[in-house]
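Next come two complexes built around chain A: one with chain B, the other with chain C.
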Partner chain A sequence: MELLKRLYKWVDVRVGAGEIVEKELTGYLLPRNINAWYSLGSVLLFIFALQVASGILLLIYYVPDADKAFKSVTYIMNDVPFGWLIRMCHAVGSNMMVAVLLLHMLSVLCMGSYKSPREFNWLTGFILFTLVQGISLTGYLLPWSQLSFWATTVATNSANAIPVIGPQLVEFLRGSKMVGPPTLGRFFALHVAVIPAGIAALIGAHLFLLKRTGVSKPPFGQSNTTNQWKGDSYRYEDHPGGIPFFPNYALEDARSVFIYLAIFMAVVFFDPYLFFPKDAFLPANALVTPAHIKPEWYFLANYQTLKIFPNELIGLSVQGAAMTFLALLPFIDRGRERHPLKRPLFLACAIGGLLLWIGLSVWGHYS
Partner chain B sequence: MMMRSLLTGLAVLVAIAMGCGPVQAEDIVCITCHGALPGKYGEPVKLWQGSIHAENGIACNACHGGDPKDAPNAMKKERGFLGAPKYNDVPEFCGRCHVGVLKDYLASGHGRALTRGGPNCVICHGSHQIVKASLELINEKSCSRCHSYERAKLIRGAMQETEGIIVALDKRIAGYKAVGTDTDRLEKELFSQRNRFHSLFHNVDVKRVTAESTQIQAELKKLDTTLKGLDEQGRKRKLAGAVVVAGALLAGLLVHLLRKTFD
Partner chain C sequence: MDNNGRRTFLGACLGGIAAGFAAAVLWPVYRYLAPRSGGGASAKVVIPEKDVPEGEAKFFEFAGASAVLVRKRGGELVALSAVCTHLGCIVQWEKEKQDFLCPCHAGHYNADGVVTAGPPPKPLAKLPFSLANGAITVG
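After this line comes the complex of A and B, so read on.
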């Protein structure tokens, strides 16, 4: 113990560690009524770290070559010690990351935390959401299975609906007329380098903005639930008399991470195939089109939207409009009220939108 | 056994040499043109799509020859196009890949009767929509088209148990394959034993069928042992999973209690 204290002092006198701990951890105060929903951000950070770690381990044996990719994944699953566990953690983790990210966004929406001055926080978060979808889509192709091949064929094909540049865009995405080895090459580069770097940068920006604006106070359990920001000058939202981040809220974060870990591991060990249709373990075969190829659950609503409109361009436009609306929500919803029950129009739209998304997803699954 | 393995290996080599290996859809002009044609010209493509050949990537040119990459010249003789064989030539046609089966067939009652109007391969196995060979092919409806079912029924009875084991093993292997297990070796061994077993299909000697079936069952038992090993591995993983999940929940509870001390 004495040795640790001496070590701490040794570091402290050189870099001022005590000052950092005081400012960023023990002296960093959060609202007293902060709830567990706020810890989803930490859970997401944990998931991202786990994805990076498992992804690096997979990279040791994965071969991004159309002739070898499927075999290398099979090798990882069957011959590499604990390879099956690493691969399952990575694959299940990607699905869980989307699920937790959706919950995180939903909580931000419900608590009105996207409102001024946090427009940038929302925007960076929204871009992160699209990047996570992008990294999931590009990762989907890498095992070079029937599911990968045909799901990517369908997904890239939808760009065909874009007027004028559609066919060129499809060829650019695929690297050839059909999904093939060049597609695998570019999706691999996007999946392991470009998008992760983008996500890391955006996470940095998201956290920087969080630090600069301060944590928003939950609109629950208080009389005044309106947004207090005046907009005249920059002002950090502090919480005098609040609870310290360390150890109080760090422990809440840790609790949420452990609960997530229990759920995640339960899926990995007991039903990892929840996210794997049977075509996921058959090698890609351009000659045999599976009867019912479906995208991942989080793209089912998009998939169904493309199907219900008379042409794909309308379907794409509707999706684009919905995404733009969501991205620009802080600029559209200028009301000061933050409590969801005091925002009936917002609540109706949120519940309606959520039900529509679930309905389209279920429809897409069974269609 | 050695002879059978050699024949199977030879069949694979011949298949590769003749271009029976997997092909890419975009390479096959036969499918592009015939798939769009009506009636008897387009029908084979539709039938083939539901066949064991299609499932294994064996396309038109593997049997009918020709150049699948050059539409204008695809069906020229100088490009190796063979067209459809005459009735009596069908066994030799199929036997270019199915070498061992051809040998069994020619030695069988069916094969010996070929020139006298006996059945060729497609009579029992179908053409284009060729299904996976199984004991189901020996049935009263099919056999009675040419002769009484009595003897065929005896043969089928002697093979029923082994067929049942093969089907069950096939299902279990497929189950493991569907969850990402490397079943390549198991599939190859089952394929080899199934071929050995199927060579009896053309045989009419009940005693030989029974003796061979016993030997095949002993080999199948080894596959069963391997699969039981995989079952056990699955159970151990679930047990480990239960410990990990319980550990995470316990850690969550401890952290929660620790958090309460700071209130």
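After this line comes the complex of A and C, so read on.
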């Protein structure tokens, strides 16, 4: 301990570490009524780090070539020691990341944390959500299985419905008329370089905005639950008398991360193929379309929406409108109230929207 | 128990789990990254005798490294490791001089793998081989 203290002092007198610790950790105060939902951001950061680490490990053996991709994944799963564990962590982790991201968004919606002055926080978070969907979609193709091949065929084909530029856009996305080796090359580049860099940059922007505006106060356990922001000048929302981030809330964050890890490991060890239909174990065959090809669970609602509308363009437009509405929600919902039970219209729309999304997903799964 | 006591207890529990988790992760990651053992280390290589004419050398892969068979003028066969003992470059056969040259730092070996000039500290390693029915079996 004495040695550690001396080492800390050695660093402190050179770079002023104590000042940073005081400002960013022990002196960084959070609302006293902060709850566990606020730790989901930290859980997401942890998941992203785990995805990057497992992804780098997979890159060592994975070969992004249409003739070798499936074999290389089979080699990782069957021959490389613990290759199955690394791959399962990556595949299960990607699904869990989407699930936790949805929960994080839901908590922000319910607590009205997206409201002024946090429009930019919401927008960067929303872009992160679309990037995570993008990285999942591009990663789906890489094992070059029947599932990868045909799910990507269906997903890229939906852009065909866009008037005038649709067919050109599909060909541009695929790099060829049909999904093939050029698609694998560009999806690989997007998955391992372009989108991760975008996600890292957006996470940086998201955290920067969080630090500049301050953490929002949960609308629970207090009499006045309206938004106090006046909009006349920039003001950091501080929480005098609040709890310090370190060690108090850092421990809450750690607890949430460990609860997540317990659930994550339970899936990896006891039901690793939860997210793998049987077509995921067959190599891609461009001449044989499997029956009932389905996208991943979080795209099932989009898939079913496209199916129920008689015209693909209408289906795509409805989805685009819903996504745009969600992205611009802080600019549409200008009410000052933040408590969900005091916002009946919001609560009705949120529950209705959630039930619709679940209903469409279940319908899409069984259709 | 006061709040600080509970916090310390929670911190100690989470720290302990984190340490256990880190240890449990390190072993699979090490095994995943470790070079694959076996895989031809003990395999023999068979080369037809006619592929090594007099005064010439035949390079091939043996036990995961480069090796060379030389038939000296006069007909004697020699099997050697082709990895220079200086810094691990692969030696080249100079037919006219009947010796090996390492192009990295100009090390020279004679046809038996003995150092004749330059920085190599040791001769090229000799490999066991046998000759039967017109085939040379190395290993």
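The rule we apply is simple: the second predicted complex is superposed on the first by the 367 of 367 C-alpha atoms of A that agree within 3 Å, B and C clash if a C-alpha of one lies under 4 Å from a C-alpha of the other, contacts with A are read in each partner's own complex, and residues count from 1 in each chain.
Just so we're on the same page, a contact is a pair of C-beta atoms (placed from the backbone, for glycine too) under 8 Å apart; a residue touches a chain by one contact, two chains touch by 3 or more.
On a predicted model such as this, the values are computed, not experimentally measured, just so you know.
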Partners on chain A (chain B, chain C) - clash or fit: clash
First (chain B), second (chain C), both or neither touched by A:Phe82: second
First, second, both or neither for A:Val63, with chain B first and chain C second: neither
Partner chain in contact with A:Ile259 - chain B first, chain C second, else both or neither: first
Contacts of A:Pro247 with chain B and chain C, given as first, second, both or neither: both
Contacts of A:Lys278 with chain B and chain C, given as first, second, both or neither: first
Partner chain(s) touched by A:Val288 [first = chain B, second = chain C, both, neither]: first
Which superposed partner A:Phe270 touches (first chain B, second chain C, both, neither): first
Contacts on chain A seen with chain B and repeated with chain C across the two complexes: 247-248, 251, 254-255, 258, 261
Residue ranges of chain A in contact with chain C within the complex: 57, 60, 80-83, 85-86, 247-248, 251, 254-255, 258, 261
Residues of chain A defined as touching chain B within the complex: 73-75, 77-79, 84, 178, 243, 247-248, 251-252, 254-255, 258-259, 261-262, 265-266, 268-270, 273, 276, 278, 280-282, 285-288
Contact set on chain B toward chain A in their complex: 22-26, 28, 54-55, 57, 59, 177-182, 237-238, 240-242, 244-245, 248-249, 251-252, 255-256, 258-259, 262
Touching residues on chain C, where the partner in the complex is chain A: 7, 10-11, 14, 17-18, 21, 28-29, 31-34
